[in-house]
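Once you scroll down, you'll see the structures, which are given as structure tokens.
Look for chain A in each of the two complexes below; its partner is chain B in the first and chain C in the second.
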Partner chain A sequence: MKAMRVGLGALVSLAAAGVVLAGPKPPGGTISGKVTYEGTPAKMKPIDMSKEPSCAKMYTTPPVAETVVTGPGNSLQDVVVYISAGAPDDAAPATAAVFTQKGCRYIPHVLAFQVNQELKIVNEDQTSHNIHPLPKLNREWNKSQPPGTPAISEKYDKAEFIPVKCNVHPWMHGNFAVMKNRHFAITVDGGSFTLANLPPGKYTVTAWHESYGDQSQEVTISGSETKTVNFTFKAKPY
Partner chain B sequence: MRNMLIAKLGLLIALTFILPASTLGQQADQPAAQPAKHMESHIGNLTGDSDAGRLLYFRYCWGCHGPHGDGNGENAPYVTPQPRNFVAATFKCRSTPTGTLPTDEDLYNSLKRGFNFTNMPSWLALTSQERANLVAFIKTFSPRWVTEKPGTPIQIPAEPALTIASIKHGGELFQKLECWKCHGQEGRGDGPSASTLTDSNDQPIRPYNFTSTNRSKCGRTNPELYKIFMTGLDGTPMPSFADVVKPEDAWDLVHYLRTLQYNNPSPELAMWESTAEGKAIVAAKRVAKYTETGSGVKP
Partner chain C sequence: MGGHRRGAMGKILAVVIVIIGLASAYPILKNQYPLPEDISTHGHLIDDQLNDTMMEAGISFVGAQLLLAYFLWTFSGRKPGSPLKDFPGGAKVLVIFAFVIVGTEVIALGAFGQKAWASVYFTSARADSLQIQAQAEQFAFYFRYAGPDGKFGMIHPEKIDEGNQNYFGLDPENDVAARDDIVSGELVVPMSKEIHLMLHGKDVGHSFYVRELRIQQDFVPGLDLSVHFTATKVGKYEIVCTQLCGLGHYNMKAYLNVMSQVDFDAWLKQQSQ
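Now for the complex of A and B:
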């Protein structure tokens, strides 16, 4: 009898989940805020592209490395802010996330997309690149992409932050952020972010930066309110 | 007993509901997959057994590859490139596409061949059965052998007849695909990016020097050469060209690469040297030996 109840309980809870799935989305709350740093960040060095003239000629002044990108008011860019707990996993959207190699750099420097979402990698340069992401949980592959060849289409089936490099051009460095759900944002100029359409609930919001690590905060959303969450990273001078 | 049955039934019913739900992305976190305790390998008529392989592993392999198979054996700090990490299950010499697991036969051949320029010797001294057992045991370190199937080996069409045109076209591809960026214009492993290369463990690694007398890590035959650039050497800077090189072009590139190996006699080298142009190029290389700058630029 007891066993019966266990089976029934599983059924009931599943039915409830089904209702949430099928029902219309409730008007959601929003989490927004700003990511800043304190201290002195390392000075980004200019990139010497002289070994790749086809890229070097695209710049009047050499571009600098992007491992730390700061903005006005101590704001920090390229931080991935996402819901790490509290939200259900989402199915991948039909649109592809696009990662472009242009001027021997990765655009964007940090690309966030969902588990099993199509990732399109494009080479707009006049030189061969090899795309070599270095995952720990997902499969590691390494593909060559000479100029004028079609986009590479890939996907990842596990959530992970993945450094990306091109072995031919050692200064090229980027990141993939493979997300479990659709609630994520990457800070741009000014360090601000917005996570919208959050159903009421208790969430863990995490901010991840490739050089400064990650931080988390708990936030409870009720109704369609907007809550402010700010993150401050300690900058390392090296 | 009856209760057990009912519980099982309840679970079954629950599962039939969970499965459709999971396709909608509502799936809860799965516990991490565990490696299999027992594995078999199949190489031709041979069937390897991991329990028998375990005894061999803890006699011959664990000094470098470590008791947990993660490449952190007692000798590992003194070994470069680092011993293979069987937990990550990323392997260089495969017949399967980049990012996929190798076949049992690929691993077996690696054991048999050993890896040039590394501390991994050839294990020809073991019997075929023992090598098959080791392959089976190596597969008990990573859960990937449970959750994934080995990739489908790439199709290698029959090698076309060797011609001068094929060699020359291969040479054009060597330029177009920018192989020289790492391997150097003359294939000496001294291209402009060569000195910056690192493997996936962030350890320095050198591109293959075609002019050395040694064969490359993954073999010496033409089909093996074909496989190297069409599958990529996973875990190293060498990418896969499968998406950008057509099979017939790939054979032309193989023919050209053979002419770079002027210290290894081959039909390709002989044919190239039978032309006045090829003879002059190879002769000049034999004199030049190494470029002065190491930058791949002719002095």
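Now for the complex of A and C:
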């Protein structure tokens, strides 16, 4: 029984690894592309952490808000690209998604994980935090976490985008993206994304940005082809 | 034997009370616990008032202890069965006497102290004072300056978006005056210039307290209160919330940074970039 569970765990890990390390010839089709913006995005303001000296001293120049993070070539970061329709729901992987409070900020700013997947919340700061995600469909909670206390373990049972705030430090802000299936990616520097290992079928690909909303496109995958899908969001100066 | 012993105990207690009374007065007279540094133009009025109160209360305290010791010394060791002596006129006169003494003390302190209070709270700020808005929220202070146009943008509570650094709910898209407003987590003020601080509470009751400024004023949600002060010394001082406001109250603080006018202008210019 135990051996079976270990084997199953290994299989799930292998599957998860497969998503990340898509080989030259993946067993399914691939959707890849780039997320960009047009127009002028708002200038992000620096965060004044002077009230929390233990955090403020971790920065040589004050960090800026991460509501809109842009990269080279008008690329847009922190966009969650996922299959919103067409793919079956997946069981949660055995690995935990880790959300870290460091320097009085949330790292990463946007964390995507699956329904019922373990979410681990870590406090690496020398100050107390009180993490308070604000879901609309899931159960709401907020938990205090003094420095040096063990990680908080939680999970969500419904797919949803959840803004996260800290009840002690008003500037702290992040997002949880609770996903139904394992086909999702978050754009980083350069704005590109890849959704691999997609069985042939008709999919709706959705790109979500915390400030600019979401956009969807229909894509049909046959065999092991790679299709390119790009998203362009309209940036607002304010 | 018993009466004799009781008399000795009364005299010992009288001596102990005198020692306690005088020993308590000593550090106060030596100014062992001085008030913190005063960096405001009005602070000396408050300090004088505190000293007056301390002196009056101190004299009353030591006087009461000496009187108590005198009675203990004089009337201890009373022989059993000897008649009790009353205060001349009885309890009624004693109560009236105490009432008049204490009442006069309280009214006198209020009458002499009203000048200090009025100078901060009952006079309006000068027309050329620098207006700064302070906002208290769980669990931080934010300060807003009008920016180069000298106008504050309107507050729209529904637009508050703290993750995006919009603590005051400004609407720069539609409100031109809000575009250049400067928001800081530190209260930066120029020295020797009157500051008109307008207090705005976002959620629950908070308090603005800077002991070096001799100012403590509550934030009351729904009421726009204000204080004015002139700082006289360059330096960094702590602003703390002194109204229990929730779980993070202990951590609710900010800093008052008093700069020379030149440094302040440079800071303001840098902030509006």
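The rule is short, and it goes like this: the second predicted complex is superposed on the first by the 212 of 238 C-alpha atoms of A that agree within 3 Å, B and C clash if a C-alpha of one lies under 4 Å from a C-alpha of the other, contacts with A are read in each partner's own complex, and residues count from 1 in each chain.
Simple rule for what comes next: a contact is a pair of C-beta atoms (placed from the backbone, for glycine too) under 8 Å apart; a residue touches a chain by one contact, two chains touch by 3 or more.
These numbers come from a predicted model, not from an experiment.
Engineer: I'd like to know which partner A:Thr127 touches here: chain B for first, chain C for second, both or neither.
Structural biologist: A:Thr127 contacts both chain B and chain C.
Engineer: What's your read, chain B or chain C touching more residues of chain A?
Structural biologist: It is B that touches the greater number of chain A residues.
Engineer: Regarding the shared-chain residue A:Lys45, is it in contact with chain B (first), chain C (second), both, or neither?
Structural biologist: After superposing on A, A:Lys45 lies in contact with chain C but is clear of chain B.
Engineer: Is A:Thr149 in contact with chain B, with chain C, with both, or with neither (first, second, both, neither)?
Structural biologist: first
Engineer: Using the touch definition from the top, say if A:Arg139 reaches chain B (first), chain C (second), both or neither.
Structural biologist: In the superposed model, A:Arg139 contacts chain B only, not chain C.
Engineer: After lining up the shared chain so the two structures overlap, which partner does A:Asp89 touch, if you call chain B first and chain C second: first, second, both or neither?
Structural biologist: Only chain B; A:Asp89 stays clear of chain C.
Engineer: Could you say whether A:Pro170 touches chain B, chain C, both of them, or neither, answering first, second, both or neither?
Structural biologist: both
Engineer: If we overlay the two complexes on their shared chain A, which of chain B and chain C does A:Thr67 touch? Say first, second, both or neither.
Structural biologist: A:Thr67 contacts chain C only, not chain B.
Engineer: Return the residues of chain A at which the contacts from chain B and from chain C coincide.
Structural biologist: Correct list for chain A: 51, 127-128, 130, 144, 167-170.
Engineer: What residues of chain A sit close enough to touch chain B in their complex?
Structural biologist: Per the stated touch rule, the residues are 1-4, 6-8, 10-11, 14-15, 17-18, 21, 51, 88-92, 127-128, 130-132, 134, 136, 139-146, 149-150, 152, 167-170.
Engineer: Give the list of chain B residues in touch with chain A in this complex.
Structural biologist: 3-4, 6-7, 9-11, 13-14, 17-18, 21, 23-27, 88, 90, 97-100, 148, 176-178, 181-182, 192-193, 196-198, 200, 232, 234-244
Engineer: Please output the residues of chain C touching chain A within their complex, sorted ascending.
Structural biologist: That would be residues 137-141, 161-165, 167, 172-173, 183-186, 247-248, 251-255 of chain C.
Engineer: What does chain A use to touch chain C in their complex?
Structural biologist: Residue list for chain A touching chain C: 44-45, 47-52, 65, 67, 127-128, 130, 144, 163, 165, 167-174, 211, 236-238.
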